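One chain, subunit A, links the two complexes that follow: it is found with subunit B in the first and with subunit C in the second.
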Partner chain A sequence: MAASNASTSQPLLTADGTPLKTSLQRSMRRSKLRAAMLVLPPLVFLLTLFIFPIGNLLTRSTDDALINHQLPVTFAILDQWDRQQLPDERLFEAMFLDLTSLNRYLIKDNFASAVNPNDPAWKIQIPKKGPYRDAMIAIAPHWKDAKTWSPIYEIAITAAQATGTEREIKHQQKRAQFKICSLLTPLTNAACSKLYTALNQWDGVSEPDERLFKALYKDLASANKFLLGKSSTRMNYEKPGFKSLIKKSGRKLKKVNEPPYKEAMIKADKRWGDIGFWHALLAMQKPQTSGYYLNAVDRKWDENREVVMQPEERQVYVMLWWRTFLVSLIVTLGCLILAYPVSHLLATLPLKYSNLLMICVLMPFWTSLLVRIVAWMIMLQQQGVVNDTLVMLGLPDEHRLPMMYNFTGTIIVMIQILLPFMILPIYSVMKTIPPSYMRAAQNLGAPPSLAFLKVYMPQTLPGIGAGVILVFIVAIGYYITPELVGGKDGRLIGNMVAYHMQKSLNWGLAAAMGSILLAGILILYWIYDKIVGIDNMKLG
Partner chain B sequence: MRKRLITTTLASALIGAALVTPTQADVTIASWGGAYTMSQQKAYADTWTEGQANFVNYNGGLGEVRTQVESGNVTWDLIDVLPHEARVGCDEGLFEELPRDVFVPAADGTSMDDDIMVEVPNDCVVPQIFWSYVPFYQKGAFDGNPAGDPKTIADFFDVEKFPGKRGIHTWGNALVEMALMADGVAPEDVYSVLDTPEGMDRAFAKLDTIKDHAVFWSSGAKPLELVSSGEVSMSLAYNGRIGAAILSEGAPFVINWDGQVLEEEWLAMIKGTPNADEALKFLIHASAPEQQAGQAKWITYAPMRASGIEIIEAGEPWFNTGVDIMPLMPNAPAALSEKHLFADPGWWADNGDSISERFTAWSGQ
Partner chain C sequence: MALPVYATPAQRLWHYIYLVICTLVLFFLVMPLVAVIPISFSVSPFLQFTPEMLRLDPDAFSLRWYRIMIGDCSDPGITTVCSDNWKIGAKNSLFIGVIATLLATTLGIFAALGLSRPIMPFRKLIMAVMISPLIVPLIITASGMFFFFAKFNLVSTFTGLILAHTVLGLPFVVITVTATLVGFDTNLTKAAASLGGGPIRNFFKVQMPLILPGVISGALFAFITSFDEVVIVLFIGGPEQITLPRQMWSGIRQEISPTILSVATILVILSICLLTTVELLRRRSERLRGIRPT
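Now for the complex of A and B:
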């Protein structure tokens, strides 16, 4: 009230004569800016190391652009095929051109729905031994224009003027060669070394001559090899055998110059006559695919574009998803059951003892993960400490319990490793509950069990919630423990993600599984919020 | 106070800069660690005079290499790869193609590529070693067994006659081949049989016979532990690990060469490395017959070059402790006189993923 009175009568001034409002705003802005600057590093950190990789993960899991660069004409006319019997000469010709020609790098409309399969440019053959210029200009006239070359010319010229040590200069030049290729092709790992040299001998304005076109041809041919290598890997995901089919027939098809291509290709490798390989193409036809997600749940597209189950012997992921979920659930429950009494003890014992106990809880937490896992191996294996003790106590030697390298082993070790994540939040909440509450409840006539259930336990719920969420989320993506102690039936989805990242290089499938995992966690988090309420959670 | 702050900042910046700037002419090689890298260190790096070679450990696969090459931030120069990766890396353009005429020929003038005991898959790789998956047991483990000691790969799959658990690895490589060989398929027919759905079922049916007796391992040291503790009576393992235990620790292990599956190991140069010249010099040095043979002084993996084997044979006792090493070499004439198979990386490139899925499904049921 007083403030509004003041502002209506006369603006308040500070010592230096500026209105108080402006002065306050200015200092507010300054402190806001300072605060923003303070949070900037973590924000940048979060964006670069969290948001960006997740975005990358999501795009990778649906990205099928590479194969669309490889087979533009084939995919453009694939829909005209009846899918009942082996394709006719037309599709074979398209496949032949897509596998052998370099035209796709020169023609402008070379991707997905932009492709015009009837453009005669697709069929123009560049003579392998030259001259290259005329044929390449016939395919794509814009290459005649010096302007078309100027972006790569800039790169080459800039790199050639690089300064520094000899080593740095060489590195710059090498990177420029990669950069030129990445502009001309969908690849980032091809080096256009010939083009780099030729561009540096050119003035940048005169009409591009045969020498430039020759360099372009040679570099594209070498890059094309890598694109074909990557494509064959992609095609092999859909149908095992594609990889060697492309590799073997590729060598033979180099010698084929004229139609009919159908016969020539089947002669080069009889698997081109197997309709199964052609059916497999249908699943890759769009630049965005849901195929990786389907694969991650044991399904795939069939030739009628319907979702069907994978063949029975390859169905493995659904089982692994369930197992991962089950393991996480058991581990979370196990941790809760073990952690609750321990936390209570920690919270209620006199400081002298509780400190000691706390160290016992934290000690393994500070110990290397691998050390703890190996310790469990020694304890639990068939010839291990636990089994030896049991045998000493009268267990028949041939009935030693299998507790390691299986499901049981994974559960036991994971519970031990994740236990502190449950104990600490529950303990920190219990610590704040005054013991007088329980006494009061009992004083008012409640038996101890009722007092515990009605008075004590509800107050520990925020800690339980935090612990459960923490343990479950860590457990569901667990990788190294199952890898080491999981053996035959204790390996989880995380192990498959690692396999596809490192060994099979099927990053699309790994990304799809990662995204499903992420989505699963978000859904569980949402359910938790609905049932328990997230504001109820206390981490400490 | 302020001055001190500035000096510390400057100092840490300088140290940071010193750490990220690589010293010149250092070649970084990604390899598998343990006794294997130690043997490479002794045979290749310690004998190399033109520069400094440093080893880093990696866990296999080309995931890391692909990231380095595609981001243009290459920190490894060379990598020690399995047969499958040797092919994929070259096909996908992750490795540099190397000139072939710069490498050291054998003493009789045979070029390096012709000196290698298998076909060279591409121009990206230079030879490293042969290694193999092979069954072994502890001496005395089958004492008193009516059928005696196991001798063949069929015995490995026969838990009736040769009781006890079996140690096998958690992936399908070599296991499907061994299962078929144990089932009576001749080694040269193994892959054509596996190419048919019935053949694949047959391999897994054979694996079924030991499934309930199987203990799975995933790290190379594990099978030695499993066998010496008695947890399993027989296990598959990498031959070099068994050899090292026998030679260095005097472990009483017996290797059955029958049914072994041999695999290749290659060195390759990562594409776009700033140290290409030094790395090539190192490759020339490391692939020479003397260095190839020299590695076997420290580990029982065998040189890929025939001339390397000849040097070892002539120089026995070859191992650094002064004992014969040929009996432990997977491609020594004695071992190769038994039933054996050179794994076919081309076949595995086609079928590796589907076998991996099927194997995971099989072992998890």
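Now for the complex of A and C:
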């Protein structure tokens, strides 16, 4: 008692005289810092090259800014429309301007939410054959100032002074042209080549002349074409037919010079008189959209801003989600049923034999995925090993089983590929169960089946849980196997993501489907962590 | 596990059924890979066992597909595509795999050492981040990297592929090295430090030899992951980045010829070698750390 009293009243000191508490804290801090320093390089590496890109991908699933750059005036006054009847001349005029004029790149506040639709500058027309300067300055007076031009001027002359091999110089110039366009327009992959040349012939201080404005006009016009193509694709997602409507009427609208625009547009293409196309605009008005997510589950916004089902012929995704879930479930269960006895055998055999059998389990695990798929093609195709054997055993030749390029093929191949993921965790749990438990249970009078159900099985549950979740997680995101052996009815959601990434280029939808998939997987990952703990993940 | 002598006939029957099931499952796992090997030596361009092969007729076997694989197109009888692509693919895969493995191993060792320290803030979170490339579906990783790499001009470059494969290989190294560090006796490093060894020398002379088995098996996992990776190559690789899996992919999609089977055979043999190495290393590691095999 006395000693402890003394220690509370008088702090303990270390050899160099500092209080023990401070010294310990300091050493703790140093130790923490050292650990953090070790982890930092790999962590930063993963954060920049993995976590950030995926986060960036996910933002694409709600991004709808592009269309707001295309239709700023229309969207600014869209809310004034009653949505019951065809819009009046005002909205038609806004749409006409948004589709045909370049003014929106020159005016400063050109994003839909910040637009002043009453600004007379929207209605000024730039003569197609020039002179451009006066009209463009009338639209946006700040372009008269050399200072407005200086950021793009800097880019152009810096690139022109680049040194290096011919290829490098060319590359630098191309990049500069992209960069100039990305400052002037919302596009990052349009090239402003005319401006680049014109800026390099300019001194950077004198008042911008007609030549510069001409280059600006020409480059904006070609960028505009590009943007219009992209945004009409976006509009097409909302209402099929929009792209062709914009494309078809675009050519005719070029010849229209004066109001009334409503009649002119409907004359150019009568679909402008279809209220459905105008209703579709409502869903795109906000720079953030949930439309891609709705689309990913076969739903959409209707004209009253309520969520409704897509028309019947466009409903595919719910079925695909359902199929993905079903395939993963069947594969997981199949793996479990096949893995359980084998794991038991491996865990109970003497080490000599089990090591040999273990190689059978691990060999597919280590073999290239594509090799295994090729191997299965040989086994399961119409003239494959399995069918040949069946024919030899008496199956009529014309009744060869179709086992490849369909649902069955996907399931069989996926089970074989994922089986080791199930065997390994169950095996490692079974190995820790002493055989004496079963013997004790049977000694106490339980029949083997009861002893198994009541004594052995419950102890293997952690392994089953780990294996089931692991297999399910891997199966749900599968892409390669269904793509190669799935045929038409074995495609899963992963294939749809790839399709929208590479073929249809509907990146927003791909990102939305990816996020839903990822969310599901993260939940499973979290459960896995609760059951097994990610620290306990083992390989081989 | 043998059957006890007092087992009833029903138990005996059940036991044999159980053994048959196990054999069938193991057969199911290995059979397709084994079937590839004989067909790769076939003369015929069809991917099946011909009647001649089943009769073990020596004329039914040849090495022609292996010759095509290494780019020897002198065989007059071949009608399939014959190019150097397999050779180029193997070279590229090896190059990307080796560099990605070296990077992943270095970074992974750092991570594992940090995570195994007694005091590590946010250990769980960091571990989750480190393992996440294993969990996130490749298709999502590939899509994300595609946009990100496009921004930095890394699409269609070897650098881009190497970085991407490093990301995929990193978790394997972290997991295996962390596992070897679990049983690590920290008194050894303390003893070394008390004898005057600096932290760097201490690491290379004391810690490294003990965790080496884990490091090597992690590195092998990372290598095989890169060597086998196809989704990311399809997304961010350009025409110059022909890798072995990519070549196989296009072979499977376009015109499946027995050349693919020759490649597959070689890969199966390679995988057996790798597997054996990892297994031996694991045992060595357990012995070194004093864990007795049960």
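Methods note: the second predicted complex is superposed on the first by the 412 of 540 C-alpha atoms of A that agree within 3 Å, B and C clash if a C-alpha of one lies under 4 Å from a C-alpha of the other, contacts with A are read in each partner's own complex, and residues count from 1 in each chain.
Going forward, a contact is a pair of C-beta atoms (placed from the backbone, for glycine too) under 8 Å apart; a residue touches a chain by one contact, two chains touch by 3 or more.
All values reported here derive from a predicted model rather than from experimental measurement.
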{"item": "Partner chain(s) touched by A:P53 [first = subunit B, second = subunit C, both, neither]", "value": "second"}
{"item": "Which superposed partner A:R314 touches (first subunit B, second subunit C, both, neither)", "value": "first"}
{"item": "Subunit B versus subunit C as contact partner of A:T233, first or second or both or neither", "value": "first"}
{"item": "First, second, both or neither for A:I469, with subunit B first and subunit C second", "value": "neither"}
{"item": "Which superposed partner A:Q383 touches (first subunit B, second subunit C, both, neither)", "value": "both"}
{"item": "Subunit B versus subunit C as contact partner of A:F178, first or second or both or neither", "value": "first"}
{"item": "Which of subunit B and subunit C A:S31 touches, first, second, both or neither", "value": "second"}
{"item": "In the superposition, subunit B vs subunit C on subunit A residues touched", "value": "C"}
{"item": "Partner chain(s) touched by A:A159 [first = subunit B, second = subunit C, both, neither]", "value": "neither"}
{"item": "Which superposed partner A:P364 touches (first subunit B, second subunit C, both, neither)", "value": "second"}
{"item": "Subunit C-contacting residues of subunit A that also contact subunit B", "value": "381, 383, 484, 501-502"}
{"item": "Subunit A partner contacts - residues on subunit B that touch it in the complex", "value": "24, 59-64, 66, 69-70, 72, 88, 90-94, 165, 170, 200, 204, 211, 214-219, 229-231, 271-272, 274, 346-347, 349-354, 356-358, 360-365"}
{"item": "Residue ranges of subunit A touching subunit B (in the complex, touch as defined)", "value": "167, 170-171, 174-175, 178, 187-191, 223, 225-226, 228-230, 232-233, 236-237, 240-244, 247, 313-316, 319-320, 323, 381-383, 405, 483-484, 487-489, 491, 496, 499, 501-506"}
{"item": "Residues of subunit C that touch subunit A when the two form their complex", "value": "1, 11, 18-19, 21-22, 25-26, 28-33, 35-36, 39, 46-49, 107-108, 110-111, 113-115, 117-121, 124, 126-133, 135-141, 143-149, 163-164, 166-167, 170, 172, 174-176, 178-179, 217, 221, 224, 227-228, 230-231, 235, 245, 248-249, 252-253, 256, 260-261, 263-264, 267-268, 271-272, 274-276, 278-279, 282, 293-294"}
{"item": "Residue ranges of subunit A in contact with subunit C within the complex", "value": "28, 31-32, 34-43, 45-47, 49-57, 60, 338-339, 341-342, 345, 348-349, 351, 355, 357-379, 381, 383-385, 388, 416, 419-420, 431, 448, 473, 476-480, 484, 494, 497-498, 501-502, 507, 510-511, 514, 517-518, 521-522, 525, 529, 534-535, 537-540"}
